[in-house]
Structures are given as C-alpha cells and as structure tokens.
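Heads up, the next two complexes both have chain A, just with different partners, chain B and then chain C.
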Partner chain A sequence: MAISKEVYKVLEAIVGEEYLSSDPVVCEGYRSGPSGYEAGLGYERVMTKIPGCVILPLTTEEVQKIVRVCNRYKVPYVPYSTGWYGPRSHCHVDDELLIDLKRMDDFEIDEKHLYAVVGSGVIYSQLQEEAMKRGMYIIVGGGGSQCSAIANMIGDGWSPLSYRIGLPHRRILGTELVLPDGELVEMGSLALQDDPFWGDGLGPDLRGLLRGFTGLRGCLGIVTKMAIKLMPFQPERLEPAGISPHTSLQLPVNRVKWINFTMPSKESMKTAMFEMARAEIGAGVTKVPIFWRAIAKASCKEEYWDIWSKESEETIRDFHLLRVLLVGFGSEEQMEYEERVLNDIITEIGGEARRTRPTDESWFKNADSAGMWLMCGGYVSVDYVIETLEHALPHGENYAELKKKFTPPLMPDYGDPGWFQSFELGHQGYSEFLVYWDPDENTDGVDQFYLETSKENIRKRFYTSLLGPHQPLYLTGPAYGPNYHKWMLAVKDEFDPNFLSHPPVPLAHDEFVEKAEWMRPMKDWEGPQITK
Partner chain B sequence: MLKGKVSLDVTNLDNFEYDMSKCIKCKGCYWVDHIYMSGVNFSTRCPSATRYMFDSYGAYGKMRIGLAMLEGRMEYSDELLKTLYACTLCGACDVGCKRNLDLEIELSLEALRIKAVKDGKGPMPEHKKVARKIIDKHNRFGSPYQNRNQWLTKDIKVAARADVLYFVGCSAAYVNPEIARATAKILNAAGTPFMLMPDEWCCGNMLYSVGMIDEARELARRNLEAVRKTGAKTLLLSCAEGYRTWKVDYPKMLNISTEDLGFKVVHLTEMVDELIKQEALKLTKPVDLRLTYHDSCSLSRLSDPWTPWKGERGKWGMVSPCLERRRGSSGIYQQPRDILKAIPGVELVEMVRMKENAFCCGAGRGTQEAFPDFAAWAAEQRLFEARTVGAEAIVATCPWCKDNFARVAKETGENLKVYDISELILASIEG
Partner chain C sequence: MTVKTKLREIVGPDNFFDDPEVLSTYSRDFSLAPAGVPNYVVKPKTVEEVQKVVQLANKNRLPVVPTSSLVHFNGAAIPKQGGVIVDLTRMNRILEIDEFNRRVRMEAGVTWEQATKALAKKGFRLMMPLSPHPMRSAVTDHLEREVITNTVYDYGEPLQSMEVVWPTGEIFRTGSASVAGYPDSPSKGGNPSGPGLDFYRLLQGAQGTMGIVTWANLKIEYMTTMDRVLFSPVEDLGYTIDFLHRILRLRVGQECLLLDNTDLAALAAESWPEDFEELRATLPPWTLILVLSGMARRPEEKLKYEENILKDIIKNEFSEIHLEQNLPGFPGMGRKLLPLLRQPWPRKTPYWKNRYLGGCQSLFFITRPAMAPQFIDLMEEVAAQYGYPVDDIGGYIQPIEHNRACQVQFDFFYDPDSEVDMELVRSLYRDVSSVLASEGALFTRPYGELADLVYESATGYATALRRVKKVFDPNNIMNPGTLCY
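For the complex of A and B:
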C-alpha cells in the first residue's frame, strides 16, 4: 500500500470502500502515458507517476474532507476530472492521491436566466445538448467534447465560435472552490446567497486565481461546482445522423450554415475577419489549416499520408480557406441578411464561396480533437496566443520558420504557419501552433522545440498564453511579469502552505528542465531554489 | 510491436503493443459519440467503466494495464482478472475509438484474455465450469446432448437437404425454444426450405470470448468442417452471439476471411428483411405494441466481416499493405428496424443509445457466468432506458439479450415485455 493504512482507513470512512483503491491495477489505469496530449514526450516520462491511491468523492463536502486529511497526514494529491489534459493533469510525485472527480456530475439548468450549474464530472457535449434542447448553446472548446466543462472553462477553451460569444472565462458565474487546505470559497453571487446566477461577488474577483491564464491544473485548489452562462441559440434542432465514423449534425440551413471561402491570401482572410466584425455578422470564423482537411478526408492513417505527401511548400503557401458560421439567431431574415453582407465582403476582397456540406462534424457538439492523433500518434499545441489579429499572423509564420530546425522529429508540414482566427468580434486575434511527431522515435527535439518556442516568444515579444505551469515559471515569469513568478509562488504559499496540491506545479517545468539531461543545456535563465 | 512485422493474430499480444501504447485517453470508448450525446443521462456506452467507475475499467485503463502486462510490469491478481473479465467485450470501445483513430481496441482486449489463459491465470472459475460442459456435452448448459432437437414440433417442416442450414445454437435449442420454433416457422411460411445440422454442437462463443483459444479453435474446425459437409450455401442464425462467432471469430481463429468460409453467414433479420422486400413474406397480422429495439452487440458493431492481415508497421505508425479497419460501420443496424416497422400495429420508438452507441445488455462474452451482478446491473440500466422512452416492450435479436432482460425484468418487477424479434415476426404472420 502506497499510503499508510491509517490514512487509507480515514479516506475510506469518507467515501466508502467502493470508491477508494490503492490496488496497483487500479493505479496503473491512471497512468498518464504513453500516449495522449503532450504524452510520450520527456515531460511525461520524467515528471509523471502513477498514483499511490485513487479516490472518487461524490460531494464538495467529501472533497473538503479528503483535502483536510491530506494536509493532516501530508499526502500530496492531484484533482482529476477526465485525465484528458495529458501529463500535466496527472500525478507528479510518488505515493500521491489522485482525486478522481467523475462522480461529481450534478447538473442543473436555469432556462429563464440562461445558465447551468455543473459538477466537475460533466463534459461539454452533455452540457451542449442540455443547452440546445432548451434553445441555448455554449462553446465546446477545441480541446474536445470530452473535456470536463469546469476544467476547460478554467483552462480557457475556445473554438471558432468564440468569434461571437467570446472567451470562456467571461461565462464563469458562481463557483465553488475547495482551497488546498480544505476551506471552501464561494465565488460570485454564491458568496452572498445560495444562487450562483452572477459571476461577480464581494471583494476582488477571484476567478483569475482559478486559471492564471490557461489553467493551474489544480495547484491552487479544486473547483467542485460552477455556474456557466449559456447563450441564446436559434430554435431549430441540429439533427444527428450517420453511423460511426461518419456521424454529423444535419444543419437547418435556413438558420445555421457553414460556408467555406477560397481566399486570395492570408491577409485577405484577416481583412474578412475584420470586416465581418465591423458589420457585426457571423457566429464563428476560422482559417482552416490544410492538414485538418486531410484528416477529414482520410479514412485511415495511411490515406492521410497519401493525401499529405502530395502537398508542397507552394500548395501550403497558396492555401487560404476561410470557414464562416452563420446563425440566424433571431430569425431567418437575419440569416439571409448576414449571408448577403458576408458575400459582399468576400466578393469585394476577392474570395469565392465553395460548396459546403450542410453539416457540422467538428464544432457544435463534437470537437474532434482526438483526430489530431490520427496521422502521427503524438500531438501537442506548443503555443497559443490571444492578442490581436495583427499579432497572430506573424506569430504563426515565425513559428513555422523556427519549426524547420526541429523537423524531424516533428512531422514535415511544408512550412504550415498554424491556425488563426478572430475572437470577440475582431477585438482579439488567436494563433495556435500544433505540432505532431512519431512517439516511437527519439522525441528530445520536440521537448526542446516546446521550450524554444517560449524563448522565441520572449525574444520576438510575442504574447503567450502558456505561462504558469506550462513552461518554466522562472523563464516566463520575469519576462511577462516582471514578477509574475514571485506572485504566483506567493499565492501558492499562502493557499497551499504544505505544497500538497499537485506538486511540483507551478514549478514542474522548471524541475523537468533540471532533471532531463537533454534539456539542461537550454537553461540560460536563473532558476528557482526548489525547497519543498 | 511498435514497428516492424505485425499481424492481427490475437494469440500474440505483441501484435497489439502499438494499439495499447497509443490510447490517448480521449474516452471516446466510454462516452457515446458526441454527435449523438443526449445530455447528462444515458451518456456512456461502456458498461464496465460505467459500473465500476475507476479508469482501470475503461479501455483507456485497460490499454495501460495491458501494456504493463506485456512489459512484465504487472502481476496477476484478483483485481487484474476482474479488470479483464468484468467486461462485456461488447465492442462499444472499439467503434468509439475508431471514429477518430486506427487502434485495435477489441482485439487487444481479446488478446489480453488469451494471454491470461496461456499464463495459466484465466479464465474465471465459472468460465471453466461452462467450458467443461461445452466440451463434455457440446452445449453450454450441460444438458443431455440428445435433447438438442427437442425444440422441434411436428408442425415444423425440416428439409433433408437445402441451401439454407439453420444453426440453432445452445440457447434456442435448450432454453429459448420459442426462438428456434419461431425461426423455423418463419422459414416455413416464407417457403424457404432449410435443414438442420445432423449433429449440432455448441459454437464455442464463450470459449473464444474468455480466451480459451485452443479449445475454441478446435471446436471451430470441427463445426466448420461439419457445415461444409452439408453443402449448405447459407448458414442461418437466430442468435447474434453465434452470428458473430461464425462470421468473425471462426475466420479470425482459423486465419481465413469470412468469405473463405464457403457459405454465407446470415442472421434471421437479414433474411427476413430481404424476404419482406421481395414480397416473399408478408407481415399482415397486427401486433399492437409500442416497442423499442435493442441492438445486440454481436449483430451490430461487432459484425463487420473478418479479413486476415499481416504486414509491417513503419514511420508514423503506418502499416503496409493497406489494412481496412473494422469500424462497426457495416453492422446489421437497419434491417431489424425495417422489419419492425413493417409489422402492422407496431410503434417503434428508439432508445437514446442506439445502433453503434447502444448500451450492452450485459450478458455476453462470459460476463453473466462470472459476474452475474454486473450483467444484471447492465440489463437494468437498459430496461430503465427503454422505459424512459415509453416503450411497452423491448425487442432483441439474440437469446442472450432476451434472457438477461427477461430475468432482470422479472426480478425487479419491471413492467416491460421482452421479445426476440423472431417471435414478433411470427406473430405478424400467424396472428
């Protein structure tokens, strides 16, 4: 038994014997890798462990009790909702307690005030369907329909639909947070009354503490309940159809429609995004990376490579596909109006509409993130920025250039400059850089590229969302702070004085660089004194 | 084998090292296809992970555990055997995974059981008892072999020789004679002559399912030879488990393709659907029921035909020659529904989880024998789902499903009728 019999007994008294196990077979089932998001890389191999014990609480009160026991007996722990976010959401130290939150799947929906209250075990596609049944919708983040809605809201999941209704953290309402010492913090209107309808509450807004920018992976506590704002949708049903793997939502094209446009240049795509925003039309927009189309077309891995191997630097450079979502939220007339305006904009810029299937496979209910593993078996997004469109485009191009130095081991992509889109009606630009590799070959170069992107951001003054636990805190903290790292650790010390909540996050990547010999030569910054 | 020579041979776990090591924990094996996600209720399709909750009971956990077994990092224990066997092998995980990826999840799970048996640790004691009955008495109940044809009644016409051979199977022969009789009478009514095996033995479904590959293969050879001797062009089954065993598992065990069997393997629903569409069979008598259809796993997502394959895995995990993955797409989904819709008076209502997303009844692949509580729990979940759509009856295409549903309905006082589809077809012919 990895944890003492005494601790085990106390934990058993909290949840019952059926929901607690330290059996090696059960614990092995919670291994992070060898595959998954960012898995199979050095970070996963060096930094993750299987848990010493797994517990499945049902209520917030049980979570509080578990955390208090951990503090009393100095047992490190990590909260875990679906395990989807790769090694960073798994155990990092020996004899750790993994708190699996999947039983906490309570769900309530308030149709009148347009919000849902979810537990940590509720995933996005469940939430989306419940919302759509009632004429509302939410964004299923690109991370996938299988994400815990709470975890992804904290981690800031987004999609092309963020163009219209913005970033997730704007939709976090009343929230329950169990602090690392077991104290319960109720945020927003929950702080005042038993009603989570509003995000703001007494005193400073603590929601930022939940996430840093892209999530702190539980190192500052465990969110057990969250009210999430839903947005009004149109009234017609998006009907599921087809047999796996060819399933899709049939769109009522009088109210919901995707349209693909061939555009003359990348600049013209950016112009289109701005002009759409200026005209206040559209429900979603994105540039389509060419390899996504290859994935969608391919019936298997081998066919993907047949398709992909016919591409070249020229075809990639000249491929400009813009995908626009129109929704007649208020009426069919709105839809018709927006389509006419959109066509005027695109025509003026020199784009051309392509025949587009009246279906949705990837964004409303099913975010196809799992398909990212089809071609190589290894995938991670090395960086994403949320700044301006002017910022997003050169960010991707810059990375494409840097990537050449690390290809192989990275998959050859003929200089593809990543993915960009517009958020919040053109007020923000988004760039994401996805990389793929063969996990059964030496992947040291992928680890190095991941870190090098962080340095490149600092050198070239690109903003990044991957702060906190996703890169060495002492590399990014001084650059973006200048005291980001100090504040981060001060907050951590205050909230988690025993450093038990998912150690060594937020210093995990710092520790990884120290431990991995192929990373150590890259360290040209002053590191932390890790004492706990 | 991560790279190099590889095949689909389930007797060598090495063949599935790549598949087990590439599970990304998206849990597509656990949740229903997100396109079909119905909300917070009825949202999972893996009975094992839904019941036992720990990740080790989902395919995502089992792939990691399997890899540890392959690498010699995992000792056998009661918990390990429970993890391997408290699983319906229903294929939900396989089709879920293959919606996006090319990983052989079902075959990995089968290979793990075969390894457990080879290592002298599997199957479960209850499985061994049933295996003994199959070997000694040629049926899984241990009933006297000479009673195998007792289901036959005088009004059923059986041909001495015919193109169609009806393989009755242990369940319909011994404990569900109503299914065998209905099937035979339907064929009589359609004017389709059929014969029976001179000495029908158990198909060995359970032997294969629990990993007893040597015994299962021996039985497969014997049965295949026996059918070939009859000269039948079509082997007809009314049991979904038997259908899968003949169509998929026999070719898999004998390293041949389904089309190399020398005859077509057909389920009753395929044949009846065709007969109705050719107007050779008319369903005229009303059956006034609001009913729902349960997709038996072995007729639906597990029934894509088998083709042996061996080759090499190289860069990016690509294999050569080309491998057409079995994704559950060509299962028998529509025919039973068309039949039910053709019955006057029937109002067919779909459950939330249907077709490739259906929730297994819990009976098959050795589950009921070794984990009866789990099998009953799964059936209870499904019956509850049927009730929520307002069904008066649930219809299956497999005696295993019918039996499990009927038993649980009786035990729990569930006011839901349980039928095999053959009974309803016959009712609409005879009234």
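For the complex of A and C:
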C-alpha cells in the first residue's frame, strides 16, 4: 500500500510541506549505494528499496508525532541520519517512510563537565573539531568523520584510540529515545531534569535497549538527542595541513606522537600490547595491516589493485608493523616518561623504531573508511570483534583460512589474519577482518563468505559483533546467550507490536537468505516464520 | 508435593530453612528499612539449583529475593511480599583469575575479603568503593554501581560479562560469555556488550528485580609498585573542587576523594572512642586525599612527573592548596589510609560506618561537583531543623570520571537500640532526600522509599522500565515491591 494522501496530509501538518516529499527524484536520492560500505552486494540488491516518502523533522516532538501517525496508519518507517552504514540503514520494504534526521543538528558543549549534547544530524567531524578546540577529544569511529555521532555511538564507534578512552557504550550519557510506538524515554539524568550530564539509569539502566554491541539499526526506536562523554586531551593544537585528498594533521610532537615499530613476529606485537597495558602507557596501539599501506599509496582503484597484487605470502608473513600513539595528557614530561617505557618494552621484545611522520592522516579526525571504499571498489568487514587479545589472534587466523574458499571473488590477502589491537588498556582485544572485491565481478561469494563466518564463529565458539540485525537472527540466536533472539524479539514485540520500525530488521538477514537463491542452499537452521 | 517439599528437594535438607529464627535473620539489615519476613530460605550451590528454584517460584508465583551476602545497607534484600530468599553465599568460588586479560570471574557469593586476598597473591587488585564491608559481595557491589575511589582509568566500569538466571528460570550469559560452551572457548568474557541487546545494563542497579546473577567477570588491575598518599586540608570546598577539575583531567593520581572530619575519623581511628573523638575534633572540616602511584616500569619517574604537574598547577593557579605527604598534625595518616583504600575494611573491627553509634544510614546521589557545597548546606539546614547535630554527620565526596561528576554521600549515625534515634534519622533521611531531589540531586540508585520519590518524577522512565520488566518477569516474582514494580 502506498502512503496515502490522507497520511501525507497528516505528516505535512507536522513538519510543513517543505520538509516532506514523495517526489521520485527526492526519494531516489535515498537509494542505498552506489558506493560505500557493503554496497553492491546481494543484501543491498535484494533487501533495499527507495523510500515511498521522505520526511525531515526538526524536533523530538515532531519525531514522536510522525511515529504515532505511522502506528495509526500502519506505515513502516526507518530512521536515517547520514546513511553511511550502507544498505542496512536504508529502506527495506515498499512505500516506507524515511525519517531523515539531519535537521536535528543542535549541538552544545559543556567543557567543564566533559560532554557534548548533540542531535542526530551532528557528525563526528564537527564534534571532534569543537572538542579539540576546548582541549578534549573523542573517538571518530571507523565509519568515518562524516557519520552521525549518535548513529555511530549506538552502533559501532571505536578505533585504535579506544585503547585508552573506552568503548562507546561507556560514553553515552543522558539520551532521548523515541520508542517505536511514539512514547519518549529519557535516560540518565534527563529522566529527572533538563540536564543530560549523567548516563546511568534510575535503577536498571535502559541504555541496554540502545546498542547490544553493534546496534539495532533503528528497529527499536529513534535516538533524537544524546550527551556524549568527551575525554580530556592535551592543550596544543593539531594543525590541518595539505590539500584534499592528501590532508593530515600536523602533530605537536612534544605532546602527541605516532611511532611505528617493526616487530619480529605477530606474537611479539601481542606481547608489546600486553606490556604497554601492564605499564599503563600509551593512548593508542594497533597492528598495521599491510594493505593499509597500499590504500595510502594508491590514488585510484586500478593503482590500488596494481600495488596490492605485488604482495605475496612471503611479504605478508614477514610484515609486522606496530603503530603506537603517545600523548602527553598531563605534560611533556609525561610524554618523555612514556616514550622511555615504550622503548624499554620494544627493545626487550626485539622491535625497532622506524622513522614516522609527525602527522595523523586518519584516526583523530577522519577515520579511513571512505578512503578504503574508494580505493578498493568494494569493502565490508565480515567481522569486527571486541573480546580479548587471546581471542583476537586466532579469530583472524581462522578467518584467513576460511576465506581461501571464497577467493576469488574476494581480494587475495595472502594469508593476512586481519587487523588486531588492544582496547581498554589491555582488558580487551579487537580483531577486524576486512574483505575487498572488484565490484565488476560476481559477488555471490562475498555474501556467502559473510554468512559462512557466522557459522564458523558458532562452530569455533568465537564471539562476534555481527549479531542481532547483521546475520540471520535464527542462526545466531540459539547459539549465543543462548537464545538471545527470543529476548530481543520479545522486547521488540513489547515496544513495536506493529513491527513498523525498520522492518524486517532484526529479521532482515533471515529474509535475505530466503529470498536470494545463491544463499538458500546455505540455510541449515530452523525458522523463522516471517509473517510480519 | 508442596512448594516447601520441592524447595527442600532441590537444595537438600541442609540448605533449606523455614525455622522462624533463621527467617528473622533475613528480615532486617543495616538500614532503617521496614522489616519483612520470607517464607523460606534456600542456599543453592549451583546455577542449576538456582534455576530449579526460580522455575518453581515462577510456576507458583512465589516472590524470589536473591541475596549474595548477609551484609546489606539499603534494604534491597529485605522481602517486601514474603517468598523465598535465594541466599548465594555458598556460591563463593573464584572461578578464574586470568592474568593475561586482567579479569577475574567469580561467583556472586565471593566477598571483598576473599577476592582481594586471592588477587593480591597474584599481584592484582580490584577497583573498590570506599572501604567496603569485608563480607559483602564484590559482584553485587559492581552490579549495584557502587562508585569506585579510583578516577584515572578512562574506560571506567569494571563489570564485564555475567551469567544470569532470568525470572522464567532460563540460564543466560551476557556479552562475550554468551558463546556456546563458555568458558571452554576462545572467547573469555571480556566484552560486556550484547548479544543483541546490552542485557548487562538491565541487570545493573536492578536490586535483584531482573534476575539472579550467579557469576560475573570483573576487570582487575596490577598492584602498584610505589605509592605516595597526599593530603590537603580543605579551607574552601568550592576552590578544592575547581582544583580537582584542573588536575584530574590530566590523569594524575589513582584514588582521589574528599572526606569530612567525621568520616575520616571513623575510618582512621585506632583506639575507640578516644581516638575517634580526638581526630574528629582536630581534623580539618574536609580533607582532600590523592594517591599517586608508580606502575611496573620506572615507577619513580612516573611519580616525579605527576608531582611536577601538581607542583606547577599549585604554584601558578591554586596557591591555597597545600598537598603534602602528611596531614599537618596527623603523622602516619598516609600509612593508615592506603590499606583502607586498597583493601576492604578489616573483619575483626566493627565496620567503620557502624563504629560510632552502631547504626548508620547513608544517603548518596550524583551531582555536578560544583553543586556539592550547596547540597551540603541544604542538608545541614534540614538536619538543624531536626536538632540532629551537624558535626555528627559524615560526609564524603567522590569525584567521578575526571571530576566531570561526583557522588556525594551523607552518613547519618544513630543508635540502633534507640527507637527515638532511629525514627529521627528515618524522618531526617526522608526530608533531606526530598529537599535535595527538588534541587537536582540525582538518586540513580533509588533504594527503599527513594524509589517512589524518583519514579514519581520520572514517569516516562518508570513506564518503560515496567514494560521491560514485564518481558523478562511476566509474573513479577523477582523482588516484588522494589523500585517501581
């Protein structure tokens, strides 16, 4: 059923005619792709639609009214801020209402109490710039600085800087959530007062409904306002330099410094991360996957593939680059102390410092994802897992082995076990397994590998971020928790009995497997009965 | 078969109790909350036993009140509607100390004393609230979001993954412990998030209303290798709070807190009551305590750069702060205090909050630090109206997260043998709470009567909370009468 004239009129009365459109040209602008994360894959082709109508509210009250109208007239809707999560943040059913939140760009900073209050339309680039002007900083997640800060905080939201400043679910403070039935829940201190400085719930913490590791992709309501904890930085400015696309930040090396180390082995990188955490030094640390270098060197897709194809199993096997960020948060003397301790550690392990440019090309302001997409043609992380360092290494190795079956169409990685790093001062370890392909080739194998990794995780008892909406819920559900899917769907039923908030998420990947003929043979699990 | 018979069968006759004398020990705690008697007490040893008890209770709509220790200060484990107490004190195994990933996995019945001793043997420590009772459950204190004294770790919360028995009796593991076969898995339980929802958030601050947590993973930290305890008498609380805004964002120090003379005397007194009275009379009204620590490598150098940061800031910006290794007139205070900040209260000595008059009712809330002095004034005004001696009230301010917020705690001491005393403190507590709440004090852990005060003002939150509760506990068997359920 198309959005009726009656509904259109009611929606128009809420936001005004200027901020509502069912013009096919406008709606086409909200099509998933043509490039970006997960673009061009089967999920995008099979599951995404262009919206039947687009609405741009300005206030939380307007969002509430829109959602209530959707419930009254049974109109499916999807919340949308910047759309950078790729197909999964776009419409999935016909005649859906896309609620574009970019006009909700209120932005305040409380410097003394280390937080910013943002609307859904505020992106990381703005937030990081304003934070840094005031001696603070935030993680710009791997999604990139062009992402909505709120969307990234309730989805992913980490980078090598998470080594020191912690994961996003710890930095969400007072938050407004419009539930799928239009009711408003204010969390943290906002529940009691017009002040969002505090995040913990009143009693049980309803922030539990916001994320679940990598988010719910809008299937359990719309976050319209969030206070985000900022972390204190050092006082000197990081100066922008260069001409786009070759831009960077010049680092004040007396206070901020990246140092690259050549390490003797993968195991030695793990040891270095462990020892840094034990000594409680550093502001960031990561293994540098070799293909990052190829991405950095290439200026176009063809050049990237040329550079990369010169690598071999030998060059990969012998490449162990550790990248460490030091920040003199308190003083230059602290920086010098940490550098001495770091050098002690690296020397003991047999590593060697390399000449490192006094610049930051990615993690402070940009994150790299957009560049990665452009260089490689097609890109998705088949998994990105926060667990422990002991989990991270075998997890990546396991994926590298599994990937051989799907190469091509996947880009050969010559056995590279992906990216790993230390989080939360060594309490956690991270692994991310990124895959690339040439979008001009048949990509069915990419879809199949993506699903196969899920089965592999279950078989090998690995944790994974790709739960909830990211893989078939009835495949992963019984295996984790166990039966987390049952609780998740019960909560969904309670707050969204009409199943209107971004349907068929969280069952979208289940539906994709049913609909895509190249995926169907892989289904060896029960359910679900998709009726809604 | 009756419920009673079935309960006895599940846990065995030695671990089932319905003797009125035993039941009465669960009817009160160290708070002023009204008494409430359970019908039964069971002491399971395994999660399967917990599961069976909960399944039985759910089937029979029998209230279930979980308790992990016998030491409670807020009335949360007192049955409000009878039912069965699930006493987890026999589930007191430390299941793993994972040195590489710096975590400890332990059952809910493990006490602070037990945990800190076991960890110290391996060179580790747990993040702790201020001098916790040695027999309290470490897992429960972190579940209940007790505020820790350490302010330096940016990643905050120590709680990681956990196992829970939902009110329906289903066993569930949260976060990365949710993998099949855990702990026999590459996944160690280091991530609290997921699967699907952040279930752990719903269990935090729940006062046993959302399920029974049987074990949890907590982060642990290495022991420091060198420490320097610094003190500064506080002349002007606002000025000192500004100083903390300045230094804590530089990540200087480990523990940092402000104590008033009564609470500091109660903690530091050796002979009782002489020492306490003398200390209380002579200590400054408030004292800032800051612990600098060196870690595994080059500890002297770490202490030196931290001291230099402090020296520069004090010299150039905060000349009225006098941070010294000794509190003038109180030699040896540093030696006394460090163990109190790093270990639970010693078991052989009456708990510090109960030393003075026998009973203590604490009132705590979150606020912006600059508001703390104003809340102290308000509290003192109300106390004066009640004729409660202001000098007898203990005060504690705990900076949180680089001092972007703080917890303020007032300790009202009373004689538990005096009905008059108790009634006075009960009324005072109620009125102070109400006045402070109306001025913006944030009671994020609303125990007892505070729950009504809080949820009446946060109806949207309470409604959503009830809806979530209904999903997990359709028969409202878990600790009914608590919070807003």
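FYI, the second predicted complex is superposed on the first by the 526 of 532 C-alpha atoms of A that agree within 3 Å, B and C clash if a C-alpha of one lies under 4 Å from a C-alpha of the other, contacts with A are read in each partner's own complex, and residues count from 1 in each chain.
Convention: a contact is a pair of C-beta atoms (placed from the backbone, for glycine too) under 8 Å apart; a residue touches a chain by one contact, two chains touch by 3 or more.
If you're wondering where the values come from, they're calculated on a predicted model, not measured in any experiment.
Peer 1: Figure out whether A:P245 sits in contact with chain B (first) or chain C (second), or with both, or with neither.
Peer 2: first
Peer 1: Of the two partner chains, chain B (first) and chain C (second), which one does A:L206 touch, if any: first, second, both, or neither?
Peer 2: second
Peer 1: In the overlaid three-chain picture, which partner chain does A:R217 touch, first (chain B) or second (chain C), both, or neither?
Peer 2: neither
Peer 1: Have a look at where A:E302 lands relative to chain B and chain C in the superposition and call it first, second, both or neither.
Peer 2: first
Peer 1: In the superposed model, which partner reaches more residues of chain A, chain B or chain C?
Peer 2: More residues of chain A are touched by C.
Peer 1: Between chain B (first) and chain C (second), which does A:P34 come into contact with in this model arrangement: first, second, both, or neither?
Peer 2: After superposition on chain A, A:P34 lies in contact with chain B alone.
Peer 1: For A:K225, decide between first (touching chain B), second (touching chain C), both and neither.
Peer 2: Neither partner.
Peer 1: Quick check on the superposed pair: does A:D195 touch chain B, chain C, both, or neither? Answer first, second, both or neither.
Peer 2: second
Peer 1: Which chain A residues come up in both lists, the one for chain B and the one for chain C?
Peer 2: none
Peer 1: Please name which positions on chain B make contact with chain A in the complex.
Peer 2: Touching chain A: residues 2-3, 18, 21-28, 31, 33-40, 43, 53-58, 60-62, 64-65, 67-68, 73-75, 77, 79-80, 83, 95-96, 98-102, 315-320, 322-325, 327-329, 331, 333, 355-357 of chain B.
Peer 1: Write out the stretch or stretches of chain C touching chain A in their complex.
Peer 2: Touching chain A from chain C are residues 100-103, 145, 153-157, 160, 166, 170, 172-176, 178-182, 184-188, 190-207, 209-210, 219, 222, 245, 249-252, 295-298, 301-302, 304-306, 308-309, 312, 366, 368, 401-402, 404-405, 440, 442-446, 451, 454-455, 457-458, 460-465, 467-472, 483-484.
Peer 1: Touching chain B in the complex: which residues of chain A?
Peer 2: 19, 21, 23-26, 28-31, 34-37, 39, 54, 56, 82-84, 100, 102-103, 105, 107, 122-123, 125-126, 128-130, 133, 144-146, 240, 242-249, 300-302, 305, 361, 365-371, 373-377, 411, 438-440
Peer 1: In the complex of these two chains, what residues of chain A are touching chain C?
Peer 2: Counting only chain A, the residues touching chain C are 112-115, 164-167, 169-170, 179, 183-187, 189, 191-193, 195, 197-198, 200-214, 216, 229, 231-232, 274, 277-280, 329-331, 333-334, 336-337, 340-341, 344-345, 386-391, 394-395, 424-429, 457-458, 460-463, 465, 467-468, 476-477, 479-485, 487-488, 490-491, 494-495, 506.
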